[in-house]
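Taking it in order: structure first as structure tokens, then the write-up.
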Amino acid sequence: MARSITARRKTINTAIAWSIGLLIFFPILWTILTSFKSEADAIAFPPKFLFFDWTLENYAVVQERSDYTRYLWNSIIIAGLSTLIGVIIAIPAAWSMAFVPSRHTKDILLWMLSTKMLPAVGVLYPMYLIFIKLGLLDTRTGLVMVLMLINLPIIVWMLYTYFKEIPGEILEAARMDGASLPKEIIYVLTPMAVPGIASTLLLNFILAWNEAFWTLNLTAAKAAPLTAFIASYSSPEGLFYAKLSAASTMAIAPILIMGWFSQKQLVRGLTFGAVK
Amino acid sequence: MGQIELKKVTKRFGETEVIPPLDLVIGEGEFVVFVGPSGCGKSTLLRLIAGLEDITSGTIEIDGQDATAVGPAKRGLAMVFQSYALYPHMTVRKNIAFPLKMAGMDAAAINAKVTAAASVLNLTDYLDRRPGQLSGGQRQRVAIGRAIVREPSAFLFDEPLSNLDAALRVNMRLEITELHQTLKTTMIYVTHDQVEAMTMADKIVVLRAGNIEQVGSPLELYRTPRNTFVAGFIGSPKMNLIDGAEAAKHGVATIGIRPEHVTVSKDGGDWQGRVTVAEHLGSDTFLHVASDLGQMTVRVGGEMNVRHGDTIWMTPDMTHLHRFGADGLRTP
Amino acid sequence: MATKASRTAARMMMAPAVIVLLGWMLVPLIMTLWFSFRNYLPLRGGDLGFAGFDNYVRFITSSAFWPAVLATLTIVLGTLIITVVLGVLLALLLDQPMWGQGIVRILVIAPFFVMPTVSGLVWKNMFLDSVNGLFAHAARAIGVTPVEWIIEAPFFSIILITSWTWLPFATLILLTAIQSLDSEQLDAAEMDGAPKIKRFWYIIVPHMSRAITVVILIQTIFLLSVFAEIFVTTAGAFGSKTLTYLIYQRVLESQNIGLGSAGGVYAIILANIVAVFLMRIVGKNLDA
């Protein structure tokens, strides 16, 4: 860029952008701060920002009351496995769409995406019955399956757009070099698509982690992930700001930290591969 | 090993016939070049031989075996792609080793073969680099290396030099020709550049709209083009094709004379014209001339002192005059 | 690259994804259709037989139906407008040279990682609460009577929460789109004498149209089924009952499966209308 930017312009930009950034981030920051306050400080007027007695007590209370680690473990298993299985099913499908397109490819892709639009609540009771029949109610297996299915269209779509960027000639070269189809996918396509696959895994892990319809409605005590853990704090008797904040912080911290560390892949993933 | 025979091969994409019925025999050890303007079906033909596309009808035989239904991996052919199609996530060593690994060869044997191929292709120092760190010419050599380690019964080249700059292209042309002389394996080479075709081929196949216009050695095509299309396509600069009254004098619809078969004089000759552009190369001088017979190009060996606007006379060498009938075909 | 063998392989490789999604779509859908024609009350004797179109008529004539449709559209459209407009502005701002751009981006991205139950509860209690919420504190500080936002402005509250969640998403996609704009195009327009505002309208906005389409598509998919944000805040009270929530109450709270299923069919029809409309736009934009 040949445009010269004055230092003044840059300073103003910086000031505005930082203010807005902090404003958007503020609810999270406030939650984290409050989680270290005593209940009295949490609702003090005027609000206390940094000068209060820092305490870890809330975290101890929350862990004791709700067994955080069990929910955390459920979240990790459910989000992780559902995403992984989804990607394993989606890679061959996306390969087909990207490299052997037919007249129907686009229709199939749009149909898959449209299943995503079916309102979950419309099929809540049938799912409930199916889960009871199959003994899946309040099991991690059941939730892994459901979350895999609701995210599968997005996984296919994302992988499809990433695969389309890979030149077909390279796969043809592999074929000429004697690679069978599974080998072509394992040794050539997948390693080349690693950034795209990583973005897909990340984004869908987050979507599964934060999914809060099926996880609230198909689990009780055993398989409930963090979304349900936090919902248990919505009842008035459990409501203390500092404890709510501690529980909230515990629920979002893993994903927040993971998201920040993998920001680059994630931003790529957030665009769902549809914007370059 | 390495004889390929196409029998009544056709290819359609939906309603479009890309290759009408076509017969062709490629002999063992031959260097065959498919040449033609873009869209003539030469790359499609190569992909049909490779097995990357199905033929619509007909048969393809490799070494006497019907290979029509055999997948690309099993045909024993190696291909070098226009974009080189190197695996970007693998080192040069792994790229070259890939076909051997796919064939299930053991590690020691793979290593020996890769090392040998690398030394032939001057890639020894680059074996642990990735394709992204190589120059165009080096990438080209890796692609060739990947092809030769398999010891295929034939090599297929799809416009392999078109992504290189002019100087490198001349070098690689020589290297590929030398490679052919060393390996003596059948090579099929697709290009739109008739200079590549003329310099490299044992046999040239000129294609237009999926049809074979002529098959022959470079000099056969140069000396006796079968029709006006081949006449205009082979040779540089292009042959001058003249029709009308001047052709009628010779009893045909069109006559053709190559730029190098015309004698130029400032004093007198058969045809008069005015120089529109003179290109002085030192070794040759090319003159673009507006004459009564139309726009012509002539070549003068060495230097000649003419410039834009000069009037010159041109005399064709009658022994090198080509005659074509109204159907465009050569007449004796 | 299309030989018969590879096309056959392609069909086989697509099969698992297509089959599981087809099953996922059809089985519950057919069951919902079946229930919607039954008089099915699990707590009062279970399946009491065929009900004809009674459930459909009752659902659509109930006083809660149209307000629920309206509530759904209000939340979806409100959030879309806010996130797209603010997203464009924010993306333009973040595209400017500044110090610490990476950190600002991290700050802006963060709400996307927050699960809806958390964002709902945090906003409801710590910001919108009329006694201890920060908004109430702020109101008192300037001498205004605090508002019970959740009760008095339920749509504002919910849209605030959903917009906060989705603004990062819109901003990032639009920012990516802006950054992919060839700066030579802008230079050329400047040379052609186009002032800043015209460069924005005639070059940047058209360039972003595809990105905006994607934002609208993805957000609509997720917003149509907004649930947890309402579940933990208003629980459907104060006129904020969306179609999703209304059906949820029929099925789980009143245990009227027949009626709820009929509502589900309506919701599916509504979603399909939106889907067809969106797919048209996206289908055109999908040829990448």
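Before moving on, here are some points about what is shown:
Should a chain be cited, it is by its letter among A, B and C, assigned in written order, with residues numbered from 1 in that chain.
Operating definition for what follows: a contact is a pair of C-beta atoms (placed from the backbone, for glycine too) under 8 Å apart; a residue touches a chain by one contact, two chains touch by 3 or more.
None of the values given here were measured: they were computed from a predicted structure.
Chain-level centrality, scored on Cα centres against the all-protein Cα centre, points to A.
For the interfaces A-C and B-C, the C-beta contact count is higher for A-C. Rounded to whole angstrom units, the spacing between the C-alpha centres of chain A and chain B is 54.
If each chain is reduced to the centroid of its CA atoms, chain A and chain C end up 15 Å from each other.
A separation of 58 Å divides the Cα centre of chain B from that of chain C. Those residues of chain C in touch with two or more other chains are numbered 1-2. The residues of chain A that reach two or more other chains are 172, listed in rising order. For chain B, the set of residues touching two or more other chains reads 52, 71-72. Those residues of chain C lying in contact with chain B across their complex are 1-5. Remark: chain B residues 51-54, 71-72 touch chain C in the complex. On the chain C side of its complex with chain A, the touching residues are 1-2, 6-7, 9-11, 13-14, 16-18, 20-21, 24-25, 27-29, 31-32, 35, 90, 93-94, 96-123, 125-127, 132, 134, 137, 140-141, 164, 167-169, 172-173, 176-177, 180, 183, 187, 210-211, 214, 218, 220-221, 224-225, 227-228, 231-232, 243-245, 247-248, 251-252, 257, 260-261, 263-265, 267-268, 270-272, 274-275, 279, 282-283, 286-288. Against chain C, the residues of chain A that register as touching in their complex are 1-2, 5, 9-10, 13-14, 16-18, 20-22, 24-25, 27-28, 30-31, 34, 42-43, 45-47, 89-90, 92-93, 95-97, 99-100, 102, 106, 108-110, 112-127, 129-130, 149, 152-153, 156, 161, 164, 168, 171-172, 181, 206, 209-210, 212-213, 216-217, 226-228, 230-231, 233-234, 239, 241, 244-245, 248, 251-252, 255-256, 259-260, 263, 266-267, 270-272, 274-276. Listed in rising order, the residues of chain B touching chain A in the complex are 50, 52, 71-74, 77-79, 81-83, 85-90, 98-99, 102-103, 146, 150.
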